[in-house]
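Going in written order, the chains are labelled A, B, C, D and E, and every chain counts its residues from 1.
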Amino acid sequence: SKDNETKLEKMSIMLDWYPNAVHSAIYVAQEKGYFAEEGLDVNIEMPADTNDPLKLAATGKVDLAISYQTQLLLSRSEGIPVVSVAALVRHSLDGIMYKKELGIQSPKDLEGKNVGYPSASVSEAVVKTMVNADGGKEKNVKLTDVGWDLMPALATNNVDAIVGAYINHELVLLNKEGYNVDIFPLTEFGVPDNYELILVTGEETLKKKESSIKKFWRALSKAQADVKQDPASGLKVLLDHENGNFPLDKKVEQESLDILLPLMEDKSLPFGYQEEKVWQDVADWLFETNVMKEKVDPAQAFINILE
Amino acid sequence: MKNLKQWLKHYRLFIGLLLLMLVMLQLVVQSNLVPAFIIPAPSKVIEHILENWRILLFDHLWATMLEFTIGFTLAAIAGIALAVGMFFSKTIEKMIYPFVLMSQMIPIIALSPIFVLWFGYSLWSKVAVTILMSFFPIVVSSFDGLRACDKGYIELLRSMGANNKQIFMKLHIPMALPSLFSGLKIGMVYALVGATIGEWLGASEGLGFYSRRMSGDLNADGVFAAIVLLTIIGLILFGVATMIERKVLSWKNGSSIINQSGVEENE
Amino acid sequence: MKNLKQWLKHYRLFIGLLLLMLVMLQLVVQSNLVPAFIIPAPSKVIEHILENWRILLFDHLWATMLEFTIGFTLAAIAGIALAVGMFFSKTIEKMIYPFVLMSQMIPIIALSPIFVLWFGYSLWSKVAVTILMSFFPIVVSSFDGLRACDKGYIELLRSMGANNKQIFMKLHIPMALPSLFSGLKIGMVYALVGATIGEWLGASEGLGFYSRRMSGDLNADGVFAAIVLLTIIGLILFGVATMIERKVLSWKNGSSIINQSGVEENE
Amino acid sequence: MTLIIKNLSYTYPNHKKPTISEVHVTVKKGEFISLIGKSGSGKSTLLKLITGILYQDAGDIKLNDRSITLGDVGYMPQQDLLLPWRTVLENIMLPVEIQKNSHLTREEVRKWLERAGLAGYEQAYPNQLSGGMRQRVSFLRAMITGKDLLLLDEPFGALDSFTKKEMQTWLLSIWRDSKKTIFFITHDLEEACYLSDRILLLKPDHPMEEIVVGLPRPRPSDIVYTSKLVELRHKLEKKMTDEKP
Amino acid sequence: MTLIIKNLSYTYPNHKKPTISEVHVTVKKGEFISLIGKSGSGKSTLLKLITGILYQDAGDIKLNDRSITLGDVGYMPQQDLLLPWRTVLENIMLPVEIQKNSHLTREEVRKWLERAGLAGYEQAYPNQLSGGMRQRVSFLRAMITGKDLLLLDEPFGALDSFTKKEMQTWLLSIWRDSKKTIFFITHDLEEACYLSDRILLLKPDHPMEEIVVGLPRPRPSDIVYTSKLVELRHKLEKKMTDEKP
């Protein structure tokens, strides 16, 4: 088997963020040798900035990257040559998170309130769309760029609500700390549902390594099935892997995975399959809200790598 | 006019090298050796600045300069005050100096939640970061400057019947000025960096905010436009500080008036 | 033993104040005045360190120290080399010095994509940030040190028939040492901060990485555990550097041997 | 004006032996007194005691029957100690600024500057002056305090012999006109003989000796080559180097 | 060993007037020659020209019929210029290190140190020494070059008159034993008369004058009080201050 190992093809993938429950399948595939079975030796890297995975995939520094659908469309409009090959999380994890005790019932109640967002136009657009859709006036909502401190911003009452935080992470953590927070899912208020996490590659890499990416996806699909089958042991693989140098909170990750798993699949569609309509809707919305200055052809933005 | 000419003459090598590098960068980017979304072509950056100069200068630069000015002024006041305190009291020195040193070792970004807790997203959170970053060199150099005074001078003034306040005002302060100035110059550079970092911790205007926002929107031209402006402002501030320093410390570069051998002054 | 005692005596005020602050912090946090996930109770931080000391020390501290050591060493070599270059060539000085100054004004985090592009997420991206942050004080102070040499000494050595190399080795270098040391000490502090920031820009181990990740998980105990370790390491490094400096520059603090008036040495 | 020093002793902190012990001196109005002694014999220390910068362990120093305090005398330190960031004029005005009560106008100061050959240099900084000029500025600064007693600590020690000669003659003329009392430190025996009415010899572990010069005034500058002065010098040197008391 | 300086001229860059112009000097083996002149008259400049630190605009300097170059003479600069980070021993060994070809052992250096009264101070740093000791270290450093011609630039200028006297006597004894040739700068006329065989007078805009001292050797230290020497001094002073040539 030594010979086999030497022949493995090296591949790199950059996560969207530090390893967490959503990445369980990747670690399971690696741990159980699914990648090796496909002849791949996968190296997992973590980014510093949420934009790095896209840029590095575009330059070919990494073969694959996990990113966001909105961010990929925005990249293409800025001329960054990246393509989505599969949808990892089929639905939005984002929404407007607010403190319950402030008497906010629906997005229009945010009028006169202060909403924190991470520096990106998309988040701004989300708030505007939601408030307008709910019959409020976006002008009356104060938006504060809170940099990278979403949770502390809300917890310290510097803002009344935040956008750009995930239901499977920030919401879980804040509740665990004893804050009474809830979320308005963005799909209920005029924002098209989107693939929160997608698997991305550079256009050049796609040309050169399409078959390898297919192999990667096969292995990952197999691992995802395992995780779905037995979430607890799937998560354990991740936790064990990380334990080497970073202790994750088991309870939080457990809860996170429970939230994620249903959002990662669609009964009627194979794992990872992307529909053109979703891409079209998101692209239209981004253009309408002026986040993208140039129109992007959604059909160019993705291919379905799965067989 | 003459000053400008001299300045150009002195820095012509630097300017030449800078232009050369920019031209090379332009060529490298245009020939796609480096993707434009990582390092944009200089021409694009200039274009971006020209297109957006109004908001860049009047909104963002203005905001950053406000944070910088307040933060640096407070850091200078607090830094000098602490140095004076340490100078007068060994107890204060022994108690506070290690904290001043420690304050430099803590990565500010790790403390960002605390800043948010204390200052929210007001101007003051950025001012706080600015102060934290520029405080250290100011304290250290003004303290060193104050301690540098020769004992002989103090004795001389005491022999004239000077009280402690007079000795401090007429001796220690002017003596500390050269050292203080170099501390202020370094502190100034760090204050500007501090204002930028402060804006990253949450802001709605300022060049730091602008660069981060542009980065979030994957607009490399915008990111570099902000960096270029920040650098230019930094160099201008440094230059102005150097000029003020030369004026105030003019006694340092006075050449001999007595001219026994008929020394010819070089232009 | 005696050294430790002296040290304790000298810093007892600082240590007292520190302990007092920690106790007060503990009380404040326990009485829920400040949310524990923003500023944790000191006891919790210590607990966290004790629970995770293995990975903290052997994985993360080790990784950070590796980056620090490589980065600082390279910065020292490059910084001193550049200073020597500028010392020997006015052209180099005029060309490079403004860049050195500029390098301090550009907020490093804004350059992170460039670092990532060039160095990926390898060790070298962190080393690069470390170098960038510690380079400036080393260059400036070694350059100042080299320039400080009195012309009289040079003439003396030339009168002995010394060549340029001998003058440089026997005169300029020892003369630059005091200034160089203070530059190295400041550079050292910034190198540690640089390694931490480098890890924020992408890493999978190191104390900077650890603190950032813990911050993402709202685990303030972990964030502060890393900060505490970093600060302690920084203070130790600074202390060691100061000791080496004292040894090397022992000639500076030698007191008079001739003792006409029978001066009694204080312990 | 009379200065009476009685039984003065002083030991520096951390020193075992006293630097000044049991010194008695009386200086009368208008006298020119020199203090000579080897380096480290405590000349500057004695002067600092008189100014009040240092405070004696025993004995007392009376000026006009009042214990002397800081600000009572004009003091010119061993190094010129001009403040480098002040112009010549500002340096000279320093004691006026500090004592606030002086009635000196800038006009009078200008006259003094002229007399010292410093006209035109009011706005110069000390680093633009030659050694002799610096000494004159430092001397004027002591003069301008308006005090009757001037303590000069080796004012000409750093000058070359030609400049020194000029400065000595200049000092004598100022002294004659201003009727000040001068207490002068030097290690140059010839200088002491040429300038003084009396010379005090300071030797560690010896009682202070006093020699009256007894040369007529005004003294021409080549009086130093007369046998009377040469002999006096020789006698002084023998006294100073003679180890046994 | 003969030093022949012919028609030497030197102008500092940016100066209008030459500092040294048309100087002629001949120094024979074993001579003790002093150069006197006011501050700024160019004494140090002339010495730097002889060492080769400065290079003349016109004329030439020949040592044993060869043009002089750097490293040919032992030079003691005006300030002692001891390297503060080197011990006394290391300071003295500096020229040996630089010229590499010296056959001096540390043992011989130790003997010199003893002779200079520096025994036990080998490992001391310069800032631990008194002024006189520093001067002796600086002098030994010039001696140890092993060169026959020693150029000493105001070696005793910074010392007090008592220490100076001791050092002069010490220097004479060393000179007598070592048979070196000494070219000595001073502004102290008495010192010049006491030490030298011949005295050169350097005056700006005047040709250089030469005075032969003509006193017997060895000279007792109180020869300075003899009328012969006092008169010589007086004559020298008149020559120096006499503005008309």
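Everything below uses one rule, namely that a residue touches a chain if its C-beta (ideal position, glycine included) is under 8 Å from a C-beta of that chain, and two chains touch if they have at least 3 such contacts.
Since the model is a prediction, treat every value here as computed from it, not as a measurement.
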Chains in simultaneous contact with chain A and chain C: B
Leader among chain pairs (count of C-beta contacts): B-C
Geometric centre distance via CA averages, chain E-chain C, whole Å: 48
Whole-Å separation of chain centres (CA-atom averages), chain B against chain C: 20
Inter-centroid spacing, chain E versus chain B (mean Cα positions, whole Å): 51
Two or more partner chains touched - positions in chain D: 130
Per-residue multi-chain contacts in chain C, two or more chains: 35, 38, 113, 117, 200
For chain A, residues contacting two or more additional chains: 49, 51, 55, 59, 152, 156
Footprint of chain A on chain B - complex, ascending: 35-38, 112-113, 116-117, 120-121, 200-204, 209, 212-213, 215-220
Residues of chain B defined as touching chain C within the complex: 10-11, 13-14, 17, 34, 38-39, 91, 94-99, 101-102, 104-107, 109-111, 113-114, 117, 189-190, 192-193, 196-197, 200, 208, 211, 215, 220, 223, 226-227, 230-231, 234-235, 238
Chain A residues touching chain C - in the complex, by the definition given at the top: 17-18, 45-49, 51-52, 55-56, 59, 61, 151-152, 155-156, 173-174, 177, 244-249, 252
Complex contacts: residues of chain E adjacent to chain C: 48, 51-53, 69-73, 75, 77-79, 81, 83-87, 94-95, 97-99, 121, 124-125, 127-130, 133, 145
Complex interface listing, chain D residues touching chain E: 38-39, 130-131, 157, 160-163, 165, 187-189, 222, 225, 227, 230-231, 233-234, 237, 240-241
